[in-house]
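Shared chain: chain A. Partners: chain B in the first complex, chain C in the second.
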Partner chain A sequence: MSDAAANWIWVSAAIAVIAGLGIYGIVARRNLFRMLMGFTMLTKAVTLAFVYGGAYWMNPGLGQSLAIIIIVIEAAVTAVGMSMIVNIYRHYGAVDTSQIKRLRG
Partner chain B sequence: MLVVLLLALMALAALGVVFSRDLLYAVISLGLLSVFTSVFFYTLGAPYASIMELSIGAGLITVLFMATISLVEERQLKGERKLKLSFLSVAGLLVTGAVALFIFTALFKGAAAEHAAVISPGPLPEILWGKRLLDVLGLGIIIFAAAIGIGALFRTEGEK
Partner chain C sequence: MQTPELFWAMGLLLPLFMGAVLAYVVGKIISRTRGDRAGGLAAAAITLAAAAGVYILTLVYPHISTGGAAAAVDWLGVLEPDALSLFMVKVIFPLIILVAIYSIDYMKEDLGTDKYYALLLIMTGGMVGVAGAGDIVSLYVFFEILSISSYCLVSFRKQSWEPIEAGFKYVITNALGSTLAILGLGLLYLFSGKLSMAEIAAQVSGWPDLPVMAALVLVITGFGVKAAMVPLHFWLPDAHSAAPSGISALLSGIVIQVGFFAMLRLVLTVFAVQLQMVGLILIVFAAITMTYGNYIALAQSDIKRMLAYSSVAQMGYIILGFGVGFYYQSVNGITGGLFHIETHAFMKALAFLSAGYIIERAGTRRMAELKGAGRAMPLAGAAFAVAALGLAGIPAFSGFMSKLMIYKSGFQAGTALGVVLSSVAIANSIISLGYYLPAIHTLFSPGDAAALKQKGAASPAAAVILPVAAMALITLVLGWYPELGLGPVNPAVAEIFKVIGG
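Take a look at the complex of A and B:
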């Protein structure tokens, strides 16, 4: 086990902080960009957990392969989400969820 | 120690993403989070995941966010957008830069090589193209679907 893999408490804390802030960004913020950033952070925490788990249980290849799959899916989902935000902005003229709800009537 | 510093920087960058007022700062913090994550992956002996995170997370996604924000906020912030650098933000940036520089120099002086010697990257191609072949094929389909979805979203808007 390497030095990096030995600090499991700190890594778990960092994963919890990043995932918690991501969930907070999705749930509490009203700007669509902030929500998408929260989602990106959440996937980063998951990626971190996979790679760290692979290193901790001495199977880094499997953890890396799963991490690569997650990173690519994250990029695809972010691109689709951003195109949706652009369309929402063109349609409603706002990227704030409260304004979008109000404009819908 | 280095690992703990790196993790603390990651947590700080995550805080910056959620709590910074300007969206531009949030995007920069997201890019920094990706950079620190990729360095941490490298210290864990995962170079392939590290390079993917650096190129896609810090590169592609940051550029996508910047482009989309500039596209959307153009009307709302006509001539208003100026980066207001307060003393606190400048000091924070300087401290973050200094700590990051310390970590990078310490890592590339030999610590990273020691880690890499302890944990080898593993037979990633065999796993990716052997055990996880179905996942890789699904990945291709997802990317294709995403490209078609983006095209469809923009085409619908164009026809109106």
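Take a look at the complex of A and C:
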């Protein structure tokens, strides 16, 4: 048992809280940038889970390299999302979901 | 090329991703010197060559997928292709090749088609990677490669508002979905310390219930968003109708099925202990999904939105097949589900491609304004009719054969639930006639055919006729000789039954 193993309950709680905040950001916020930030926050919870998993199983290198892979993917998705926000702003002049809803769900 | 992993990585994935780079670079160089249209053509040629070459490679070496010899290289189980992966690949490649051919004519007015073809190849690589993935991280990485390229493809025509708005909706919901899925996979890693799905599966039975259940819920929700299971489907009609028609065909035909496949892969390895419970969950979702999809499709006035909602409904059939298969250990259910993935891929792609052609010529997607379009464009109209009848499950079309197996699996279960499920599925098939038949009727009823004829050229280009005719042929032939289509399905079913053990 490492030091990391002793703190599992706090880390689990942190993962749950960060993930919850991220989901709240995506679901409840109306500003497109905040929705995207909610997504990045949710990804941080995942990264924490992988880093902690690596530390817990005495294999920190693996956990951290996985975290980097996930961060890279997150950056790519965020870049695509932001490019779409730019285009939305060009078409509507707004980045708020209440003003750009033309499609019916 | 001795081991399956090495073949999958070097033979399939490497040519696809290198082909994407090559298509973009060569396309860009040629479009600088000879104009955009030539660049797009060059990129299309490279795409077709890469996809066709890789497809031929899988057909020539089918045995590699089942060879279980000890790997010479330690791949850490990153790729573990089996018969199920080979089945997906055999559906993916013909579809990609036909759509790429169709896009040569369909996308000729668009700028930057070199990027379009490069993204198409990257998307193919992502799908092939998901099909062959053996550990949770490679599953996630390839899934994200697939997702990111499809985000870009949906909003490819960024000049108009609809693809952009639908695209953002698509990005945010699907990013949420895949992040929830990777959170579930992260929990699995946290509790097992292993990444390979087989190794996690070996450990999972000794765990407390809570982390496994949490991971299961996250994975089903996450990939449920990708697979458009009903409470999570709301992004699909927007994204699938706003995308260029070739991309709609791919998204509806195979991408959402790959989402379901990823879930299936995890269920069959990691959650194999809870298979019965998963089966029950899938059955419930399937019944809701197909009924809801069909009822909403009835109310659509936009032909592509109607087809998109019909994809939701057809997804319900596929999920029902697997749900019944897991819950009752029914061979017919699994076979029907896999076979419906295959038949639906070609039927739905055919519907979107022919509808896309009609829409492009008529300049509208509204059903009411498409009156008489089938008379002005008899080939496209006939192709759409074949696709619609197949999707509705009329005998003599391929959709009937796969749906029949799913109905049979429910009746064979011999319980009240099974009979109810099959009845619901049959009733849904009849409901779906309520929007397919009016659509065909509208296309062929007398209308402004003369005006449409003026707008469009006299006859479609060869690049449109070839894929549409090939898909119509597949739909008709599989309706009469389902054995031909079951060839790739049966080994995959055997692979699944190694896990179910029924």
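One rule holds in what follows: the second predicted complex is superposed on the first by the 96 of 105 C-alpha atoms of A that agree within 3 Å, B and C clash if a C-alpha of one lies under 4 Å from a C-alpha of the other, contacts with A are read in each partner's own complex, and residues count from 1 in each chain.
Everything that follows uses one rule, which is that contacts are C-beta pairs under 8 Å (C-beta built on N, C-alpha and C of every residue); 3 or more make two chains touch, one makes a residue touch a chain.
The shown structure was predicted, so the numbers you read here are calculated from the model rather than taken from an experiment.
After alignment on the shared chain A, the placement of chain B and chain C results in a side-by-side fit free of clashes. In the superposed model, A:P60 lies in contact with chain B only, and not with chain C. In the superposition on chain A, A:K44 contacts chain B only, with no contact to chain C.
In the superposition on chain A, A:N31 contacts chain B only, with no contact to chain C. Of the two partner chains placed by superposition, only chain B is touched by A:A75; chain C is not.
The partner that reaches more residues of chain A, of the two candidates chain B and chain C, is B. Of the two partner chains, chain B and chain C are each touched by A:Y52. In the superposed model, A:M84 lies in contact with both chain B and chain C. Measuring only between alpha carbons, the smallest separation of chain B from chain C in this overlay is 5 Å. According to the touch criterion, the shared surface of chain A, contacted by chain B in one complex and chain C in the other, consists of residues 22, 36, 52, 59, 62, 66, 69, 73, 76-77, 80, 84-85, 87. Of all residues in chain B, those touching chain A in their complex are 3-4, 7-8, 10-11, 14-15, 17-18, 23, 26-27, 30, 33-34, 37, 40-41, 43-46, 48-49, 52-53, 56-57, 60-61, 64-65, 68-69, 71-72, 114-115, 118-124, 126-128, 131-132, 135-136, 139, 142-143, 145-146, 149-150, 153-154, 156-157. If you check the complex, the residues on chain A that touch chain B are 1-5, 7, 10-11, 13-14, 17-18, 21-22, 24-25, 29, 31, 33-34, 36-38, 40-41, 44, 47-48, 51-52, 54-55, 58-69, 71-80, 82-87, 89-90, 95. Against chain C, in their complex, chain A makes its touches with residues 19, 22-23, 26, 32, 35-36, 39, 42-43, 45-46, 49-50, 52-53, 56-57, 59, 62, 66, 69-70, 73, 76-77, 80-81, 84-85, 87-88, 91-92, 100, 102-103, 105.
On the chain C side of its complex with chain A, the touching residues are 137, 140-141, 144, 147-148, 151-152, 155, 158, 161-162, 164-169, 171-172, 175-176, 179-180, 182-183, 186-187, 189-190, 193, 195, 234, 237-238, 242.
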